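I am attaching a structure below and will ask some questions about it afterwards.
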Amino acid sequence: MDTFETVKISGVRKETPTVNTLVLDKRSCRMEYGQFYMLWIPGVGEKPYACSGANEKSMEITVKHAGPFSGKLQNLKKGDLIGIRGPYGKGYFTPKGKNPCYVAGGLGIVPMISLLEGTKGKKATVILGAKTKEEIIFADRIKKTGADIRIVTDDGSAGIKAFPHQLLSGVIKEKKIDSVYCCGPEAMMREVLKIVSEKKIPAQFSLERYMKCGIGLCGSCALDPSGLLVCKDGPVFDAERIKDSEFGSYKRDSAGSKTRI
Amino acid sequence: MDTFETVKISGVRKETPTVNTLVLDKRSCRMEYGQFYMLWIPGVGEKPYACSGANEKSMEITVKHAGPFSGKLQNLKKGDLIGIRGPYGKGYFTPKGKNPCYVAGGLGIVPMISLLEGTKGKKATVILGAKTKEEIIFADRIKKTGADIRIVTDDGSAGIKAFPHQLLSGVIKEKKIDSVYCCGPEAMMREVLKIVSEKKIPAQFSLERYMKCGIGLCGSCALDPSGLLVCKDGPVFDAERIKDSEFGSYKRDSAGSKTRI
Amino acid sequence: MMSCLFCYLLLIVILFIDKMVDLSASLSGVKFGNPTVLPAGILGVAASSLARIASAGAGAVTTKSVGPERREGHKNPVVVAVDNGLLNAVGLSCPGLDESVEELKKAVRAAHVPVIASFYGRTVEEFGLVAERISAAKPAFIEANISCPNIEDEYGKPFGTSCELAARVVAVVKDMSRVPLIVKLTPNVSDIKNIALSVEEAGADCIAAVNTVGPGMYIDVLSAKPVLSNRAGGLSGPAIRPIAVRCVYDIYEAVDIPIIGMGGISSGRDAAEMLLAGASAVGIGTAVWTRGDGVFKEVCAELGKIMEERGDRSLKDLIGKAHC
Amino acid sequence: MMSCLFCYLLLIVILFIDKMVDLSASLSGVKFGNPTVLPAGILGVAASSLARIASAGAGAVTTKSVGPERREGHKNPVVVAVDNGLLNAVGLSCPGLDESVEELKKAVRAAHVPVIASFYGRTVEEFGLVAERISAAKPAFIEANISCPNIEDEYGKPFGTSCELAARVVAVVKDMSRVPLIVKLTPNVSDIKNIALSVEEAGADCIAAVNTVGPGMYIDVLSAKPVLSNRAGGLSGPAIRPIAVRCVYDIYEAVDIPIIGMGGISSGRDAAEMLLAGASAVGIGTAVWTRGDGVFKEVCAELGKIMEERGDRSLKDLIGKAHC
């Protein structure tokens, strides 16, 4: 029915002062771009994470310290045990168009990096946003793919002082963008959705909702009014499927209560 | 783990006044010679039976009226439902030698008929015993295989008045028998075992013990002193495996109590 | 000639009707298009997902159990897969009574099938209070989940393990609400017949059986930790079907009110088995995970085929027919 | 040079010892070569099959439960396979006390591992009587099966569902026999901790947990009949493992006497899980069907590998380690 496995951490890499990449001693199973895993720290808790890299011998996850759980997760050491189940989700990033644009805010690049690296032939542009210069991740990996990278920061400490979506309209014109991939804070994604809807460009968004089961049973990640499940039907959705939805306006917390975005 | 299936009776054939053959609407699964099935009459009971014929579309069982259950079983009509699980047993009849001899008492020919029909090229001899002329079964099917058939009856109403084992020594000499297959009343089989042991001829015997589970768990069909299970390790055993055993002297009843043979 | 033609046409009509199997169900006067029910706790947080499952073919849908106050439920992990089943300890998360009632109203509007409002309390009085509030949203049924641990009993046992407590819950709820009441029973008792009898006598209109079995536990052998944060969780899925079928069989012998049978149903054969045991409708929970939300239509199609093979016209020809 | 060589040799010895995993177990002073046990009712009718399973690698073997009188047990069918499990209602068949004691003596002689003599009674007094008789055959343990229905209680519930009755059985048996006593518990109670505590206080030396779950029922949908002649039967096999593990976990928290954990164990991983939950040895019943009688050696080999991976030296490093 489902696979649950406990594996060892085989290495840890510091990406930024608040972001670490963990290497797991687990052969990557067949995985689609944008799927996610549930990671369990024995005796502590379990949360959803994207895969930021995989090969025959190991797979990687990249974690930002955002609260108690992620803090413990990113501080695991080589040899520590971690439980993993997945990959989950039937909504993937699907390679479309010749001139794709990636719009990433914060850790948003994490679930998209494999797509970018796996489709190197394309003329991709990446708008990579971060709060500050120190918080920029994967810039080198992006450059290596040959993509055109546009860095923006909230405080202007690197690249342009702007939010990622503010560059999008210009890039679309300049680079004849024919598809958009987007992941980041929901407020930013909402702005990107507006732009691509207006310009009628096919786009995909990776969503976050509070996840408990991860397998489409508990209902905590449901989207109004379609009842689509982020864990099962997503986490990646085409723009049309989320256009007239709660997306960008509210989401449910762990008790099932709606909270404004 | 195990297959349980309810199928319809698609036909009934009278073999003798006390023996009927039922045709089951069940594709025969891969079956070895001599294996058995557990047959369930819904709401009545369940007992072990051999398969007396099988093809792509159906399989047959041949039942003698020997008590309340077999009486009900052989009186089932076309369209009636019957539950079936199996085939069971890891001890099969294995084709050996060029001049095999089959020694059958009563319904003993039933589990051996498929082996005989499936190895037509051989120069087989069949010693077929019955109480009376009316009780002889499968004589035509045996003749069709080209086998040399020797009929014996307890009362001399057909063939020679004798018990099957009484012909065996003569047949062995006459036909240069190099392998023996035997099934029938245990007292008869015990005599056959003596003869083949003496003459050092490879032989196989199909045993009956009280069966409850049929799958090697309940232990009611265990043979002393080896602990071999008739349902799982048998029902067919090579002579050597049962030579120094309870075989021919006692067996256990449904309560696990030993009873003399 | 005319009469011959007439006979011929009649024959065709009869043959046609003969092929048609009627899957409609009726419980306590409420009509279901088919006997499949989405049970409590499965995709029942949002009205939107309940409406989705109704559209996918369920005959009725049940909300996540609603309680008197906001609760986060247990920490993750709340589920872990085991052999042929699932352990869960979601822990009755609830956004609070006001928001739950609003969501329930939406569900009643959005789903075109009967909506069952599952609820719980920590005391007998709370059961009454919550029942009153959710009844205002006009669900087809309210369903008292007496299979979860409560605080009134010092050992933390569910109300559903005591005949007396179960009956008290029912009596109080029937006082506070006129919506037909389903009582959901736990299988984890030595004698489910007596509990069923008690809730019937106290006025329950219908029984749902069973909630999850056990509880069970899954321990990871490398880290030596139980995986669920709550350590133990209720077992659901195919592993528990034989237990659920026996419970429904026992309850059917004891009571006259209809039963919604559930526990491990994932095929038309399983549904037929549960109906034969005595259920009037069947819940399908864990199989939504293994077969997707198409499971409701698929189970109905499979059930229809079995009924044709058996020569059944309607569910009446199945319900309780294993008793005799 | 000399000391260097010495150090080198010492290192080799240490590394070698480090690789060796000790699987020997000890319960109430009785030594088992390994922690796997053939539980009651599996291949336990004849001394010959018990000896065979001992030779196949079991650390101890248990007889079929012996009663005061000859009993045929239930009519066939007595087993039916279900999803990831088996339902059985063999119904405590027994050749009678005299013949059982003779067979037990043979088993004690023939099996080169500890023999556990399982037994039952229909009244508290019968438990005492049977215990006295079988103790004369000098088994390593006697095991009171209080998980079967009795006639003293009008509802036919097992002694094992009542703390008081369970304790009375133990007290009487301890009066009649000096052979160490295992008490086998049913999981089909709302609170197994209290039962465990009662039998410990009454003097039990060891607990076996669990007997089969449910009971369960399997109905054939074409004939509309429950397949087992007894209609219901106990559920065993992988389907019940999570429940068995939780029971053993709970019992371990409540008592200090050792536990033989069983229910659905069919691999070294399963055995390790049960030991972590608190068992000192593990029963392997239904898996004899699915994996054959090689299962005892195979489970030991798999368990050894897991212990190596975890860095365990002996079973002590596993037993109860999921509690903390």
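Worth a mention:
For reference, chains read A, B, C and D in written order, and residue numbers begin at 1 within each chain.
We adopt the following convention: contacts are C-beta pairs under 8 Å (C-beta built on N, C-alpha and C of every residue); 3 or more make two chains touch, one makes a residue touch a chain.
Being a predicted model, the structure only gives us computed values, none of them experimental.
Note on connectivity: the fewest steps through touching chains from chain A to chain D is 2.
Looking at chain B and chain C, the chains in contact with each of them are D. A separation of 35 Å divides the Cα centre of chain C from that of chain D. For the pair chain A and chain B, the distance between mean C-alpha positions equals 67 Å.
In chain C, the residues that reach two or more other chains under the touch definition are 84, 222, 224-225. Across the assembly, chain A contributes no residue in contact with two or more other chains. Contacting chain pairs (ordered by label): A-C, B-D, C-D. Taken in their complex, chain D has these residues touching chain B: 41-53, 64, 70-73, 75-81, 84, 86, 88, 90, 93-96, 99, 110, 220, 222-225, 227, 229, 237, 285-286, 288-290.
Remark: chain C residues 82-85, 87, 155, 157, 161, 188-191, 213-219, 221-222, 224-226, 231-232, 235, 238-243, 245-246, 249, 264, 269, 272-273, 276-277, 306, 309-310, 318, 321-322 touch chain D in the complex. If you check the complex, the residues on chain A that touch chain C are 1-4, 6, 38, 40, 42-43, 45-47, 81, 83, 85, 211-220, 222-229, 252, 254-258.
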